[in-house]
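Both complexes shown next keep chain A, but they swap its partner, so chain B is in the first and chain C is in the second.
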Partner chain A sequence: MSDIRLSLAEIVGEDYVSNREEEAYFYARDPGLMPAHKPDYVIVPKTTEEIQKIVRLANKDKIPIVPMGAGMALTGLIIPLKGGIVIDMKRMNKILEVNEKARYVIVEGGTSHGVLKAYLEKNYPRLRHSIPDAPATATIAANVMIHGQGRLTQQYGFNSDMVTGLEIVLPSGEICKIGSCSISKEWFSKGAPLPDLSGLFLGWFGATGIITKVALKLYPRKKMRDVEIFVTDRDDLVPDIVYELTHTEMAEDIVIFSQPKPLIFKDNHHVTIFITGDTDEELEFKRKMIWDAVDKFIKTKDGGFMWVQPAMKPTLLEMPQRSVSRFADVKKGGGFEYSGPIILVEKYPECSRKVEELSSKYDLGYSGMARIIGRGHCMMYGFAFTFNRADPDMMDRVRKALHEVSDYVLEIGGVFWKATVDEQRLAIERMDPNTRNLMKMIKNNLDPQGIMNPGNWEVN
Partner chain B sequence: MKYEEIVHRCFRCGYCKFTSDYTDFNCPSYRKFFFESYAPGGRMWLIRAWLNDEIKNSDRLQEILFSCATCANCVEHCVFTFSDDLVNIFIAAREEMVNEGIIPPPVRDYLKNINISGNPYKEPAEERGKWADGTAIQLYDDQEYLFYIGCVGSYDERAKKIARAVGNILVQAGVPIGILGNRELCDGNEVRTLGEMGLFQYLAEQNTSLFKELGIKKIITLDPHAFNAFKKDYPGLEEKIEIYHYTQILAPLIQSKKIPLKEYKATITYHDPCYLGRHNGEYEASRTILASIPGVELIEMDQNRENAFCCGGGGGNFFTDILGGGNDSPNRIRARQALNTGAQIIAVACPQCAKMLDDAVKIEELDDKLEVLDVAEIVTRALA
Partner chain C sequence: MYQLQFDENLCNTCPTGDCLVKCQYMDLDKNEAIAEMVKISKGEDSFVLHDCVTCYGCEEYCKRGNYPFYLITERRQEKGILTTPRAITKQWINIGQPRGKFKTGGIKKKVLSFGFMPELLQLTRGRLFDDVMPSYVFGQEFFCNVVYIHFANTAIIKERLPVVIDNFRKLGVEEVVCMHDECYGAFASLAPAYGMEVPFRPIHYFEYLYNRLKELSKKIRPLNVKVAYQRPCSSRLSSDKHRFVADIMQLIGVGLVERTYQNENALCCGDILGMLTGYDLRYDVQRRNIDDMVEYGAEYCVFNCSACQNALATKVAKRGIKPIHIIDLCRMAIGEK
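Right after this comes the complex of A and B.
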């Protein structure tokens, strides 16, 4: 094995490869609750060429490879289930090109959302991208790889829908360009009008290749941004409220949260609507449209707009919301985990009741959060439970609650988002056999030796 | 271990690594090593693993812990309620290692040298006040202020020039100062950050006792590290003695033109020392001085004030060099950040930063483009 370490050191330099116990410990786990598995090596490459060499070496010796961004999925997708090499991508963090008029950016595969946000604000203040509420370290490539969502998801779909091109290092070590960039020097489309090959990689969690460059759509950044919160205690009305709101096409983002604490939030559903505008007139017009859209629920006294305290606004408006991470320390224990199935908005009431039921059953702190995807085409519903890392029993109760969520999601027609290995197995079992066979053909053709993030999407 | 009840609470979300606007990673050891294990979150998880006996004290774990520059970027940007204790936690873990007696050789040597010679350079105490030879700076004899120099300003050739510059300006401005000369003792800031709490306590007691014996009421420090130790880590000292960094004395004197300055044309970028800035909230004094010099154009680096990138010398790394070396050593990164502003001069207000950045400018071969000067050295050039 030390020969492999030496070979890896020849590729990236002695300082950027480790087989030491400290890195093995850290990279064996993510912040969630999945069991740890140690890597044999951790490597931090700087270039696509270095990744090609690593992959070729791994292929020759049949060593598993796990690409890693910030490791914030929480569902264990970067845990090296079969050991091997974890490739920490974050040293590949350059912003390569912004095409201002065509509104897209090309970044290296380890570039974080935070860095892109800061770069655009400084250099292209009229452009923005869809920032997820994952911590700012979350990488763009990993986020699209797991079909993440962000601030512009209500308008434009999953963040992966905003990809306009990919550079992939295939399991063979070859570089493959996906989209318009395979023919042209421009990166404006990931597929159309060509066959869209991005699906061979997006959603595969690195099991078919490593993203070394991503091009991403950018969108107009308005000068002003504000937030309104419509509150109702009737969960059954939330889908109708969302339907009316999305019909206006006025909202930037719509998220709904319910949580037991502080007590003023208990038993209510907070439909949080973000609006943007370049002028006061634009902002007020959108606000009025939104108010009018839900007026009927106000008239029947089923809901109303709450006064958003000035102290609360910065927390709600910041991107990413740091308060999401703070949820981890509600129990003074540094942990939370959530299952976030993609599901119809009409299932909101059931999901909301389920998260409360599980919280009560397992005596857990919880938060329920839905983010609307597209114009209400579906939503991500987050069943989130906080836990104390120093309390193994509480951690076990969270695992059991989330296990129940997995079964429940399939029962009510949902699809797992960033599925754990167990959820991937459930999904594969339930999948249409022909779809499963197609996945098998793709996996076996692209990665015949099964070295890419093995354990994930094990269709064989 | 102190703070043991906190270490499990890190979510390792990574906000601690960034600047507040996410422009770049701002943790010096993470920037150099680029493994998560060298970031604050990595340290928290590894300290917990070590305490739980899941990993052992090794040379690697020592490097991970002792490469922390204690710059407090993590304290500034961590989103959790325990953020104020992050650096303290890392120091507490170092203290455990010191108590175990298993520490990196350069750390051991530094602590031994302080213990035996009273300074890290193994120089005799009699040499301590030699930097002031040939100046009008007097030994302390009931002057209003004690001018406290510290080990670096007393013994390091580059830093001695800064000590002289500051001392001369204060004397010229009529500020009544005196120095302790060979009676001065190490302030112990780095002894504390390297985890030798017994030795630090001894130094704090000796210094406090000496200050009391001499009836000292006000101290001006050359070095932000001493400023920090006296203000924050000497029990009860700040209630008895007014403690200033020299820039805090010069700023009002220059602003009120009690120190008249002539034109000095230069484009300058200011590097915030961590122990003046993030640790003690003093961001403006140096800027006030520089902005008051006619002809000076002050340009900020992207990473300034609470987002300043550390030179990599803090937490004892100035002496141990665990964080040094290579293209991505923090001082070289900082020199490149300064170069990007187009400034001709990097202004510093800390002898350790001066030395770190001087070295970086030389290694980066930027000598013809960038000059590293202490604020006092710039003021000296502009004295009327």
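Right after this comes the complex of A and C.
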């Protein structure tokens, strides 16, 4: 095995490869609850060519490869289940091009959302991207790979829908361009009007290739941003409220949460609506449209806009929101994990009751959080539980609660988001056989040796 | 259980019906006003119970010592007539729930009461308060709970206010300087209206400020600015203290603009109207109010209540009027700001 370390060192240099115990310890886990498994090597390449060489080496010796962004998915997607090489993409963090008028950006595969946000704010203040509420170190490539969502998801869909081109290192080591960039120097479309091949890679968690470049749509960044919170005590009305709000097409983002603590949030559902504008008039117009859209619920006393204290606004308007991290420490010990299935908005009441039921059954702190995707086309509903990492019993109870969520999600017609390996297995079992066969064909053709993030999407 | 001491005969013999005739949000003549109040008093339904926006104004307009707004609130609760949406009411009741996290400074015979408005701790600095501070109380255990009259819920007040009064009693304080009108209204108006005994002397902070400024008169440098005063709804519960606004302004050399919406005719900050009725009324009231400040040439908008300040500060600033709390204005006058 030391020959492999030497070979890897020849590719990236001694400083960027390791098989030391202390590094293996950290790369064996993510911040979630999945069991750790150590890699044999960790490597931090700088270029696409280096990745090609690593992949070819791994292919030759049938060594598993796990590409890794910031490792923030919480569901164990970057845990090297069969050992091998973890490829940490963080050094590939350059912003390669911004096409201002066509509103897209091309970045390297390890570029973080925080870096892009800061870059755009400084250099292109009229442009923004759909930043997720993950820590700012989360990478753009990994986020689109897991079909992440962000601040513009209610308007434009999954962040992966905003991809306009990919450069992939295939399991064979070849470089493949996806989208308009395959026949043009411009990266304006990931598919149309060509056959859309991005689906061979997006959502596969690196099991079919490694993203080394990604192009992403950018959107107008308005000068002003504000937030309103519509509160109701009737979970059954939330889908109707969302329907009315999305009909206005005035909201930037719509997020719903319910949680028992602090007391201000107890017993209610909070539909958080973000609005933007370049002028006071634009902002106020949108606000009025939003308020009027749900006026019928105010008149029946079924819901109303809460008084958002000025002190609360910076927290709510922050991108990404750090309040998620604060939730992780409710039980002290910094543990937090959620299952976030993609599901119809009409399932909100059931999901909300389920998270409460599980919290009570397993004596856990919880938060239910939904992000609307598209104009109410579906939502991500997060069954989130907080735990103390120093309390193995509490961690076990969270695991059990999340396991129940997995079964429940399938029962009510949902689809796992960034599924754990167990959830992937459940999904594969339930999947239409012809779809499963198609996935099998894709996987076997692209990665015949099964070296790419093995354990994930094991259709065979 | 505490009962509201309301005298129906005072309404029957009322020569003016001012409580509702003067209402800024409903349109009634004298005969209608008296008839509706009598109906409400008898426990009958009235459109007033459905249309009142809880501005508290009628408590001031009634010059006969009755409690029209408390009565409206009682009857609404009896009949299950909601003012705000249920979720908002729940939220506010949860917010005010005692949770054993109160704070007290070095308690003396005289104490400042902040309810649970943390911003008051920042405001009460400097010479104006150095004869009392750090004697203060903060937290739900000392929160007057009067705000629930906005939510047609006197039951929660009757449950919590006696405990709050007892918490003050346990501290052994003799004088409580109430840093918010509702706090003062709780002890000087609402508690007596329900026959609750208050074992200390409530002092409205305007009165305290006025007396303190007189003590510090040598430090005062007239500010020579024109201001509009945003009178809060809760000031209607202590209308006898409203005169201190003019007195304080005179002491610090500030001119109150003689505008349309002042004194009895003052308009609500609007935020509660939004929670109760939706966008339009809130927008209309805020627009008229700020237009009025602009029209009469106010340089500053002076706030008494933090909630009003939160509702209007940005909006007045965008119209070129500087928002400021009355305490900060007084501190400016003695050279502290």
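Keep this in mind: the second predicted complex is superposed on the first by the 460 of 460 C-alpha atoms of A that agree within 3 Å, B and C clash if a C-alpha of one lies under 4 Å from a C-alpha of the other, contacts with A are read in each partner's own complex, and residues count from 1 in each chain.
Throughout what follows, contacts are C-beta pairs under 8 Å (C-beta built on N, C-alpha and C of every residue); 3 or more make two chains touch, one makes a residue touch a chain.
Keep in mind that what you see is a predicted model, and the values were worked out from it rather than measured.
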Fit or clash between chain C and chain B when superposed on chain A: fit
Partner chain in contact with A:Val115 - chain B first, chain C second, else both or neither: first
Chain B versus chain C as contact partner of A:Asp196, first or second or both or neither: neither
Chain C versus chain B, contacts on chain A by residue: B
Contacts of A:Asp236 with chain B and chain C, given as first, second, both or neither: neither
Touching partner for A:Glu23 - first (chain B), second (chain C), both, neither: first
Chain B versus chain C as contact partner of A:Pro135, first or second or both or neither: first
Which superposed partner A:Glu244 touches (first chain B, second chain C, both, neither): neither
Which superposed partner A:Leu263 touches (first chain B, second chain C, both, neither): second
Which superposed partner A:Asp61 touches (first chain B, second chain C, both, neither): neither
Gap in Å between nearest CA atoms once chain C and chain B share a frame through chain A: 19
Doubly contacted chain A residues - partners chain C and chain B: none
Complex contact set, residues of chain A against chain B: 15-16, 18, 20-23, 25-27, 31, 42, 44, 70-72, 88, 90-91, 112-115, 117-119, 121-122, 135-137, 322-323, 325-326, 328-329, 332-336, 388-390
List of chain A residues in touch with chain C within their complex: 231-233, 263-269, 280, 287-288, 291-292, 295, 297-299, 301-307, 309-310
Chain B residues within the chain A interface of the complex: 8-15, 17-19, 21-24, 33-37, 42, 45-46, 49, 54-56, 58, 60-61, 64, 79-82, 326
Complex interface listing, chain C residues touching chain A: 82, 84-88, 90-91, 94-95, 97, 99, 271, 274-279, 283, 307, 310, 318
